[in-house]
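For clarity, chains are labelled A, B and C in written order, and residue numbers in each chain start from 1.
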Amino acid sequence: MSQLHDLTVAQLAAKLRSRQVSAVEAARHFLARGARHEALGAYLATNEEVTLGQAEAADRQLEAGSAGPLTGVPIAHKDIFVTRDFPTTAGSRMLEGYLSPFDATVVSRLSQAGMVTLGKLNCDEYAMGSSNENSAFKPVKNPWDTSRIPGGSSGGSAVAVAARLAPAATGTDTGGSIRQPASFTGITGIKPTYGRASRYGMIAFASSLDQAGPMARTAEDCALLLSAICGPDPDRDSTSLDVPAEDFSRSLDASIEGLRIGVPREFFGAGLADDVRAVIDAALQQYQKLGARLVEISLPRTELSIPVYYIIAPAEASSNLSRFDGVKFGHRARQYGDLLEMYKQTREEGFGDEVKRRIMIGTYVLSHGYYDAYYLQAQKIRRMIADDFRQAFTQCDVIAGPVAPTVAWKIGEKSDDPVANYLADIFTLPASLAGLPGMSLPAGSGAGDMPVGLQLIGNYFGEAKLLNAAHRFQQATDFHLRKPEGF
Amino acid sequence: MSKLIQGYEVVIGFETHTQLSTQSKIFSRAPTAFGAEPNTQAAPVDLALPGTLPVMNKGAVERAIEFGLAVNAAIAPRSVFARKNYFYPDLPKGYQISQYEIPVVQGGSVEFFLETGKGADAAREKKSVRLVRAHLEEDAGKSLHEDFVGMSGIDLNRAGTPLLEIVTEPDMRSSDEAVAYAKELHKIVTWIGICDGNMQEGSFRCDANVSVRKPGQPLGTRREIKNLNSFKFMQQAMDYEIRWQIEEIEDGRAIQQATVLFDPDTGETRAMRTKEDAADYRYFPDPDLPPLVVAPEWVERVRSQMAELPRVMAARFVGEYGLPEYDATTLTQSKAMAAYFEAAAKASGQPKLASNWIMGELSRRLNAGEGTIETVPVTAQTLGSLINRIADGTISNNAARQVFDALWSGEGRDVDAIIEASGLKQMNDSGALEKIIDDVIAANADNVAQFRAGKEKAFNALVGQAMKASKGKANPAQVNELLKKKLAG
Amino acid sequence: MSLNSEDISRIANLARLQLRPDESERMLTQINNFFDVVEQMRAVDTSGVEPLAHPVAAFQEVALRLRDDVASEVIDREANMRNAPAREAGLFLVPKVIE
């Protein structure tokens, strides 16, 4: 039998139900691995007592036969989700040691499904970043090459799964923060349609873009987890849609014969690195072998999505982060004169460079005299981008392309060039702006034998079809089974 | 033409924050009770704890719709919540959720009578103040300044209390008119029950935008007097501000736009410490809240469930009871007053007489502080039967006043009993009256002679004698008639 | 268009950030580099296009969900305030607020 940590969520769940392994054993095993590989920087908080307590409760359910499909399976949460039993920092000094009086809806839904929480995972500060170098506490290292970044902002989540420190993790995706690190670490991750998952308890970065989603090793696992995560939260989140929860596993095995896969020519321009291009081309050929049809489409405003996103997201962030003022919770400066100084000094000390940069950009584009030229203009082009997708989906069922122009880069390589980081988000931003579901699945390796992910973008509420297409791909390939040396 | 002060025309516009009488906050399920222990009425949403999101209270929207209907405004089918960004310790999120570009209530007007002049030249003018809008927003918390080791304490119980901010056009031309408007607005919101109207507790707070100009000139620079929470202070503050602005201009100093506070102790207004960037609120649509959609069916449902509005009721009083508009408006100052009038009018079948008595005898006593309309010792039915006795000639108006006194002081309960007991009945038995008149004629031969000689005065003297002899119970008209007959005969 | 150091200090003040001089310097260059990328966006003709504030509005009518007016929240002041940097007598403490 393969080792416990090599099992997928589905396999582990089966072993738990058949009592070949107990939830407590599983929990201990993964806690131990987390400790052994602490150097990766994936975890920000663990609490053995809490975790084992949950595991024991899960075992009782498993004994009683009242277990669900996820009961007893360990999971770890991105530290952007507030939790009652673990401190929540959002990767920021500002919130060091913060204890939330409530659990995020996503967290409580997964707990109710019987999952056992291993701890909180490192991420870019307030989910702002694509390399995880913006964590205030420590960088996260890519297990495929620890001199490289794991991607971000859900870098800790991606590494925990890739390095087998957890069978699955939650992530959040605002402009690609699930898809890009999944691609860089060779795992599978999905961001649902905006409004599918409750945002309650997810520390807000950009309210009109933030979505939670699962990160795991297979599409099958993602389907299981997504079914537990999604569903209306009418009492807590006004942006949560009145769309009933779905069983996303139902059509995993359905044939994709005749599936029309749209290939946006703008995703294959000069900016795309050859090694990545080769992997994506091969993946598309694989889909043809599986009976899918490739359709060339156009998303003419792909490049515009960068300025549009980097105006809208910082604008919303500048306002969302105003509550961090040293009054009700979080850091307060030691040295200050009057109230104004207290604010300024507290926020200066509490926020990192990238967060301050985005607060500055967002404050500027909303400020008097600039709103129409920047924020409003961006919101208009945002609609045009959404319309481009609507047009595209008249010709295809799903859209496929690269997640990122390159493989994971070296730690420090771009850290003093924020704009370079922004430009690297080009392929994940359009779906985010349109509120569409998107995912990344392992499709091979590029330069330095680093993983390369294939991005699939679905139509609104098309998650089941995405997962079906991804699952069929994974039935025919083994990229998702590869694991980094020494893990 | 509005009256001028030292040749200046006063221009006033109002912004009124009315706390809506909901059970829970506008965006959270925390209670809205006043005066609780600090921060015991504040949910995580109200404290802006990380991860919290706003969820809109239907009751607040319903109340906004009711107000819109009450002032003949348009209810926007789609309105938008925006974020007003600024840092302040009583503003937990660092922004206030408020309606900016598209408010839920648009337009409308408030009508009222303005009493002008005193005594002889007392007059009343009908006024109408146009509303620009009324929008929903959340209240802020409170900074408590009593010293905590050199710091301020923040209580967020009030944070998130639903507010309807009602904004007028700069239509008012005197502090009297502005106060009259405020009183009328207060009447409307309490009448329809969307606000408890408690000004001490801050449920009804007014900001007055005051400026002055020479007639015909463009609007002058305005100063905004914040948080006026009593009609008395309102008047004092505006009067002081008007005098101050005129003096400044007369002394050749230009008015600087400012936000000022009124200090009841000094009776003066003073400019608030200005936040240099206060102007740049960086409004943008709140991405946490989709647009507020109000379907026409909802508006109609609310309309059908609303109590009769003061102005509708007043119009009905004019039509149904033939009252003058002024009577009708005065009687609809409060629901209780209006109900009292309708009962008295029905009991007596004499609406105008009922109105006169309520606006006269009754109001005089109430204004003199002798109880409230809810607790008057004389029920509407009783007043009704009293009015009947005047109408059917049983008692004179003077006698009726004595009866009313007795009823008020509690000497008696039943109108007829009091009339009997104090013998106020008019003498309508012509036999007894003829006897009296015969005696008077016999006893005053000289007056009779003078009358016959054409001296009208003499006749009045005889009438007086007769009334005196009847101890005032005789019906004067009857006395006249009989005397004429007998003297002629 | 490009920003100058006055813009930076004005915005920093609006955003309540006490930027160090060297930080402001760097911020100015980086933000101006960013606005070079933004230029292409300003040129786009968007006349007659309705701004998209809620992504869902791109594919279905969105309307604010309203909850019934019930004060059902159970408030645990201690849990809600335990992260406060300074508090006393159930109040959050801040440097004197002058109006």
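Keep in mind that, in the parts below, a contact is a pair of C-beta atoms (placed from the backbone, for glycine too) under 8 Å apart; a residue touches a chain by one contact, two chains touch by 3 or more.
Computed from a predicted structure; not experimentally measured.
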Pair joined by the larger number of C-beta contacts - A-B, A-C: A-C
Chain of greatest Cα-centre distance to chain B: A
Identifier of the chain whose CA centre is least distant from the whole-structure CA centre: C
Mean-CA-position distance for chain C and chain B (Å): 43
Computed distance of Cα centres, chain B from chain A, in Å: 59
Chain A and chain C, separation of their C-alpha mean positions in angstrom: 22
Residues of chain A engaged with two or more neighbouring chains: 98, 101, 208, 234-235, 238-239, 318, 322, 325, 327-329, 339, 343, 363, 367
Where chain B touches two or more other chains at once, by residue number: 44, 47, 49, 55-56, 87, 89, 154, 280, 282, 287, 289-290
Sequence positions of chain C contacting 2 or more other chains: 13-14, 16, 53-54, 56, 64-65, 67, 80-81, 86, 92, 94-97
Chain B-facing residues of chain A, complex: 81-82, 88, 90, 95, 98, 100-102, 104, 199-204, 206-208, 234-239, 315-316, 318-319, 321-323, 325, 327-329, 339, 343, 363, 366-368, 371, 375
List of chain B residues in touch with chain A within their complex: 44, 47-56, 83, 85, 87, 89, 92-95, 154, 279-280, 282-284, 286-290
For the chain A and chain C complex, residues of the former touching the latter: 97-99, 101, 194-195, 208-209, 234-235, 238-239, 241-242, 303-304, 306-308, 310-311, 318, 322, 325-332, 336-345, 347-348, 351, 353, 356-357, 359-361, 363-364, 367, 373-374, 376-384, 386-387, 390, 418-419, 422-423, 433-435, 460
Partner chain B, residues of chain C touching it in the complex: 10, 13-14, 16, 53-54, 56-57, 62-73, 75, 77, 80-81, 86, 88-99
Residues of chain C that touch chain A when the two form their complex: 3, 7-8, 11-20, 23, 27, 30-31, 33-34, 37-38, 40-42, 44, 46, 49-56, 58-60, 64-65, 67, 76, 79-86, 92, 94-97
